[in-house]
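Given below, in the form of structure tokens, are the structures.
Presented sequentially are two complexes of subunit A, the first with subunit B as partner and the second with subunit C.
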Partner chain A sequence: MGKNYAMTIDLQSCIGCAACSVTCKNENNTDDGINWMHFLKKETGTFPNVRYEFMPALCNHCDNAPCIKACPVTAMYKDEDGLTLHDADKCIGCKACMAACPYGVISYNKDNPHEYWTSEEAWSELSATPAHVKQETGETLPYYNPERAYNYEAIRSRGVVEKCQLCDHRLKRDEQPYCVERCPSEAMYVGDLNDPDDKIHEILKDEHKTLKDELGTKPKVYYINSF
Partner chain B sequence: MTEKLSFNKTTIAVIAVLLVVVAAGVFAMVNTLIQGQVLFGSSDQVPWNLLIVAYVFLALMASGMCMFASGAHLFGFEKYQFLGKRSIFLALAVLIPGLVVLAMDLGRLDRVYYFITSPNLQAPMWWMGATYGIYVVLLLAEFIAMHVKNEKVMHYLSYFTLVGAVAATSILGGIFATAVQRPLWYGGSTSVFFVLSALLTGVAALSIFVYFTQKSLFKQASENVSYALSGLSKLLGVLLAVALGFNAWKLITMFYTGTPDFAMIFNGEYALLYWGGVITIGLVIPLIALIVSRSPVTMVVASSFALIGMFIDKYVTVIGGQLVQPFGQEMAVYSTTVTEWLIFIGAMAATVVIYMLGIKYLSLDDHDPHQLKDEKEDRTAAEAL
Partner chain C sequence: MKLSRRNFLKASAVTGLFAAGASQKGPVMNAFSTAANAEEENVEQGEWIPSVCQGCTAWCAVEIYRIDGRATKVRGNPNAKANHGHSCVRSHLGLQQVYDPDRVKQPMKRTNPNKGRDEDPEFVPISWEEAMDTIAEKIMELRENDETHKFSVWRGRYTSLNGILYGNMPKIIGSPNNISHSSICAESEKFGRYYTERYWGYADYDHENTLYEIFWGGDPISTNRQVPHTASIWGDLKSRATLACIDPRLSTTAAKSDEWLPVMPGEDGALASAIAHVLLTEELWHKPFVGDFTNGENQFVAGQEVDEDDFEEIQTHGLVKWWNLVLKDATPEWAAERSGIPEDQIYRVARGFGKAAPRAISFSSPGSSMTIRGGYTALAQAALNGLVGSADAEGGVISNGIDVPTNDWPEIDDYLDDIAEAGLERERVDHGGRLELPALKDSESGGVKPTNTVADAMLNEDPYNLKVVMSYWNNFNFSNQGTERWDEALAKLPFMVHMTVNPAEQTHYADIVLPVPHSMFERLSPVDGSNGNLHRHLHMQNKVIESPFDIRVDETEIPWMLGEALEEKGFSNLIDYFRNEFRDPETGDAPTNAEEFNLIATKQYTEPIWDPSFEKDGDTINGWEELLEVGTWNTAKYEFRQKWDGNWGTETGQFEFYSETLKKALEEHADKHDASVDEVMEACNLEARGELAYVPHYEPAMRVGDEDEYPFIFTEHRSKLNREARSANTSWYQAFKDVDIGDEAWDDVAKINPKDADELGIEDGDEVKLTTETGSITVKAKRWEGTRPGVISKCYGQGHWAYGHIASLDRENQIARGGNNNDILAPVHEALSGSGARHGGQTRVRIDKV
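Let's look at the complex of A and B:
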């Protein structure tokens, strides 16, 4: 039996620092304005009875994924480990997956990726231009992570969508996704639901919920201990 | 009606203006291919833009005209069959620019062959692409059969184009109908409404084309055309009334869900577009006009209102359906861009140019071969008596 990966996010541990979102951008070479790890902020109530909620949100790797059903060319697919993945080489940029996704976590590359680093305009006379920095590093972008190229386009082209792959390149070598590893409060974990000895079963003994499960998408990101 | 047609100066001037508009559209398309979709107003929150609205509108119009032509032929409405060749040609003239508009919204047009090499049979969009692809070929074949007056082939192709038009239209609706989280889209009635909407748009557009063709190119008023317009006005009236019913039930069912989408069209951001554009301009005014009078002029005015209304209906459906964001986040905002409009208007201008060239060179006003045959049969039967 293959693996069946799922993620847990402990909302009482989460401090809302958005490190998951930032480190995700580093690991996956995402462009400005494109996030695989989103964070939802909500302020409710009136002073002094106000409430502030923060919730990391990413692709739910649904078992019944609407994006997979909507994609006309099978660029969205389920892998053998239960992940909902995107094939950037096959995507035609029709955006049917974006229209179908109930969670709004798929992004579209409208522009050439990382255009910023081609700019010849410096912030000040004392600083280098982005193009110069890029030239000195010899990479497409100065903080380029070549590891992402292991099983996905390291930088996606203009005209295709992209979304969280749950760091499948890291899971393949038994490492946790980068957002999980860099979370300072250890609020997240990715485990194998098919492995009875996996820690995830212990975590899921706590009160948990998934997002919009009433739609029948069978999401696999579990939010633990919500307030 | 086989007189040799020649365009007068006004018509040539109109064609020249239309060609400028087409050129502007082509410029916008080339610009999009070079610069990418940064030229569009779509975003991650609102991924589908005016081009999708335009495609849906044009594709439904084309299907509607084909449904009318093939239906009139197969169900034996002889008095309308002289419009057959013109309708099928118009369907092609609308659908082909429409498909170009759709292609412009694809991020990677160069990979479109994956539709064939890597199909997803679960995806309504794949079925839409496949059915419209086959449908265009069938329409072309039917038109060629009509042009060379091959009655037998034309007759059999009519079955396929009629089924193709209904299938393609409802599958296009299916793309929206299967989006479970979007109340403005979800549900089987969306697909059925797309078929109704196609017929309504097709009949309205056909009436306008028929009226202006007659008025600008032929000196004498044709009895056939007046009769057909009168009949089309009755059909349009019925379709408008049914569309009103559809809208009423859409609102009633959405009222019970209490979703933000309902508030948006009922008394929110899109209320003016919905009540003013879709309901008043698109349905109520033309319906009342047609009840009061069914003269050719009233029919053309009513048809124009209905077309505008149907376009706004598609705008409210496609764009409005994407505005409400998950998890109670702020409603998204979408504004059209000049590039989107140029592509859309360029496509519509291309339709009119293609149609005018068709009138000039492809004798669209030929009698339907079946009508000729029927008349011959009638005569033979009368002689036998």
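Let's look at the complex of A and C:
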């Protein structure tokens, strides 16, 4: 039996800092404007009775994923471990998945990513140029993470969509996704629902919810407790 | 037909699915297909190299993931006990800082002799040799004219190597003027702990065992102190303890606390006094720590004096004096009128805090004490930890710790010639220690060198203008209140060297610009002086990568090169000091060049850490190489109650509510000026007279500006993403700026309560001009329920007009992204601690739609 991965995010522990969003960009080489991991914020009430809520938000790896159904070329697919994955090679950039996803977590590359680093223009007479730094470091992006290239294009290209792969390359080597690993409040965890000994079952004993589950998408990112 | 991407492209071309032009934005062939050309092996390709993050003063040990010589990731160093493998969001922004192409690429010199905000410096590249030769020439001119006191080193952030450039170099040249940023950092907070339990430093907190915490403007899951550690235990802390956050704005800590007390800015002192009042009247003080009435009956009744002889104290001194002078009348009803916090909430918090005693923490922060009269507020906050007996105890506050053993820098006496000795005798340029600015660090009048007064000193030539300044890791015309004064002072400064990573606002006035390392990635240096999780530590910063820029280490390599240049001009004392006094502890070798000097200085300073033959209370490290490998040395875990029973270090040896220690320091300061303490109080804009000067008490908030002309109170706060205002030129900072509650991504907003906004007809996104007596900035407005009516709240960190293509919108026209709060904050001080008072609603403001 394959795995059935799911994520838990403990909102009581969460400090709303976006370290998950930043480190996701770091791991997956996403350009400005493309965020596989972002957040939902809500402020309610009037001074001084104000309530603030923050929820990290990413692909829910739905068991009944609308993006998979919508994709005309099976670029969106379910893998053997329950992840909803994207095959950048098959993708035709039609954006049907983006229209279908109720969570708004799929992004489209309207330009080639990281073109900034090809610029020969210095910001000031004191400064270097982006191209200089690129040349010195020898990569498209100075802090480029080549490990992402194992089973997905490490940097996607113009005309395709992209989204959270739940760091499937890291899961495959028994590491937690990078956002989970770097969360300073240890609020997140990815576990295997098929494994009765996995601590995820213990975590899910606490009060939890998923996003828009009324749509029948069967999301697998569980939010524990409240912010 | 099954649609592949190629087929889809064909199909779309035929059927015209894409409009003309839009097809250019359509899919392009991927150079490498996912399956066929992916990396063969799914393995880690890099190695984790220890270093230190200095994005705030937590100074976390981190590790950098290096792949093929590139820095690609950051994480907490698992060997470090203060942050135990965790690092906060700010650490990751360092990656975009170090590879920022906007950085200074090589040494530059100014060719336009005219200086001013409107003048183009017309920088041109020069060699390091020319730079050093020019600086040496300027220093020699001072020495020839007996004006070495007009030389100054300015320090912003620093490592432990600062003792060379900042500590000893100015002395050998002959100047008393090494000016740090410390006074604009957190000195008033330290004042509170020093004059209750004689500790001038950052406290540590036993969050793991506490049951109640009051955060005075503190937001420790967002900003200093100890964010990674506090974050990592926050979920448990919230389950176990009751949390109360006192902050004019809805911070993340406030949002996640059980109680938010949105105090009127600067009125925190009333709350602190009222909480103490309730603790006493309701018999909630911790008797095993404080003591009790001799007859066992509580005589603390509101409004009534108590006989000092009726109370017997144990660890503390002066409780009854404090009660009689201040607390007897400081009822929650009285405090409610001043603080804007309802009395029932004050009672609730005070009772909860008292019932949790002694596992109750009063957590101070600069936010509530870096205010015009905040010294006494900090004192009151510290005193609360005495009342509940949590000072130096489990579940409480630690103002103590095991020293990190390091070697002192070699003595300089033999290298001070007559010129230098004469220069060192001259009056300091900062005004610390003057009647109106006691700056009482370590009980010494002028113990703090105020930073912001240096601009006044230069402008008014009081006592004199400076002539040659070497300035590093700082940006004083951005980070000090009243920036326009700094612009004018810097324009007047004949010669200034700016050693900086990014071009900055201060660089605009530089004569020589020197590129220096990003501390986390590009230099070897020890960092010690911080604490957390009941440990102190020394961490090793590392040269993890070869820099893409032509850099030298500011604190060691540049002084070495300057020493060589001075030697060529006939003054060899500096280089002699370096050559003669610094030795590699392992080989005995003397340094022969700048890079060796950095290495040897680092090894010499840290020798007691890595030489296992030195006895010390902490980790055992077997040799220099092992120190580099583990990256950190930790003290043993702090053992509580070391200060109890007479070891508090104060004048009385007790935890002082009535501070004999402060009394002595104030009297000495007054004597120095042939004045009375009352006259000192008056000169410092304090209302206290007589005995009140020696106890924690309420002082009404002082604000600059007339209420009619400037109807709103301006209050500022910190960002989760600020690396001490150096990270605004990273896209990750801007893209996620809205993690600061109420703020917007890629922007910098003035937050205004919707009631006020309605009256002024202001909508979200409207351009508004904020005007104070000091200056004005134009930013976007944000309607926000997280601030009270009458109070405008704005984050610090943006408003850079010369920092790079992201932080600054238009270089030529000097247009910043957002506005710098320091343009409108008044250049005022918390005089007792010599602090720049930027908080507490220190200025009134007018808000106009543009």
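Everything that follows uses one rule, which is that the second predicted complex is superposed on the first by the 226 of 227 C-alpha atoms of A that agree within 3 Å, B and C clash if a C-alpha of one lies under 4 Å from a C-alpha of the other, contacts with A are read in each partner's own complex, and residues count from 1 in each chain.
Keep in mind that, in the parts below, contacts are C-beta pairs under 8 Å (C-beta built on N, C-alpha and C of every residue); 3 or more make two chains touch, one makes a residue touch a chain.
Quick caveat, the model's predicted, so the values are computed rather than measured.
Trainee: Report for A:Gly216: first if it touches subunit B alone, second if subunit C alone, otherwise both or neither.
Mentor: first
Trainee: Using the superposition on chain A described above, determine whether A:Val73 touches subunit B (first), subunit C (second), both, or neither.
Mentor: It touches subunit B and subunit C both.
Trainee: For A:Ile106, decide between first (touching subunit B), second (touching subunit C), both and neither.
Mentor: So A:Ile106 only meets subunit B here.
Trainee: So, does A:Ser185 touch the first partner subunit B, the second partner subunit C, both, or neither?
Mentor: Only subunit C is touched by A:Ser185; subunit B is not.
Trainee: Please indicate which partner A:Ser157 is in contact with in the superposed arrangement: first for subunit B, second for subunit C, both, or neither.
Mentor: In the superposition, A:Ser157 touches subunit B and subunit C alike.
Trainee: Identify the partner contact of A:Lys42: answer first if only subunit B is touched, second if only subunit C is, both if each is, neither if none is.
Mentor: It touches subunit B, and subunit C stays clear.
Trainee: Pick one for A:Thr23: touches subunit B only (first), subunit C only (second), both, or neither.
Mentor: The second partner, subunit C, only.
Trainee: Going by the contact rule stated at the top, is it subunit B or subunit C that touches a larger number of residues on subunit A?
Mentor: Result: the larger residue contact count on subunit A belongs to C.
Trainee: Figure out whether A:Cys91 sits in contact with subunit B (first) or subunit C (second), or with both, or with neither.
Mentor: both
Trainee: Looking at A:Glu136, would you say it contacts subunit B, subunit C, both, or neither? Reply first, second, both or neither.
Mentor: After superposition on chain A, A:Glu136 lies in contact with subunit C alone.
Trainee: Could you give the residue numbers on subunit A that contact subunit B in one complex and subunit C in the other?
Mentor: Shared contact residues on subunit A (touching subunit B in one complex, subunit C in the other): 72-73, 90-94, 110-112, 157-160.
Trainee: Using the touch rule from the top, collect the residues of subunit A that touch subunit B in their complex.
Mentor: Touching subunit B from subunit A are residues 34, 40, 42, 55, 57, 66, 68-75, 90-96, 98-100, 102-104, 106-112, 157-161, 211-212, 215-216.
Trainee: Using the touch definition from the top, list the residues of subunit A that touch subunit C in their complex.
Mentor: Residue positions touching the partner: 10, 12-13, 15-19, 21-23, 25-27, 32-33, 35, 39, 41, 43, 45-48, 50-52, 54, 72-73, 87-94, 110-112, 122-130, 132-133, 136-139, 142-147, 149-153, 156-160, 169, 172-173, 181-182, 184-187, 227.
Trainee: Where on subunit B is subunit A touching in the complex?
Mentor: Subunit B reaches subunit A through residues 36-38, 40, 42, 44-45, 47-48, 105-109, 111-112, 114-115, 118-120, 122-126, 129, 175, 178-182, 322, 325-329.
Trainee: Could you pull out which subunit C residues touch subunit A in their complex?
Mentor: These residues of subunit C touch subunit A: 2-5, 8-9, 25-28, 30-35, 38-39, 41-45, 67-73, 75-76, 86-89, 92-93, 95-96, 99, 101-105, 108, 123-124, 221-222, 227-228, 231-232, 234-235, 238-239, 250, 252, 255-256, 260, 262, 503, 507, 513, 548-549, 720, 731-732, 735-736, 738-739, 741-742, 753-754, 784-789, 804-805, 811.
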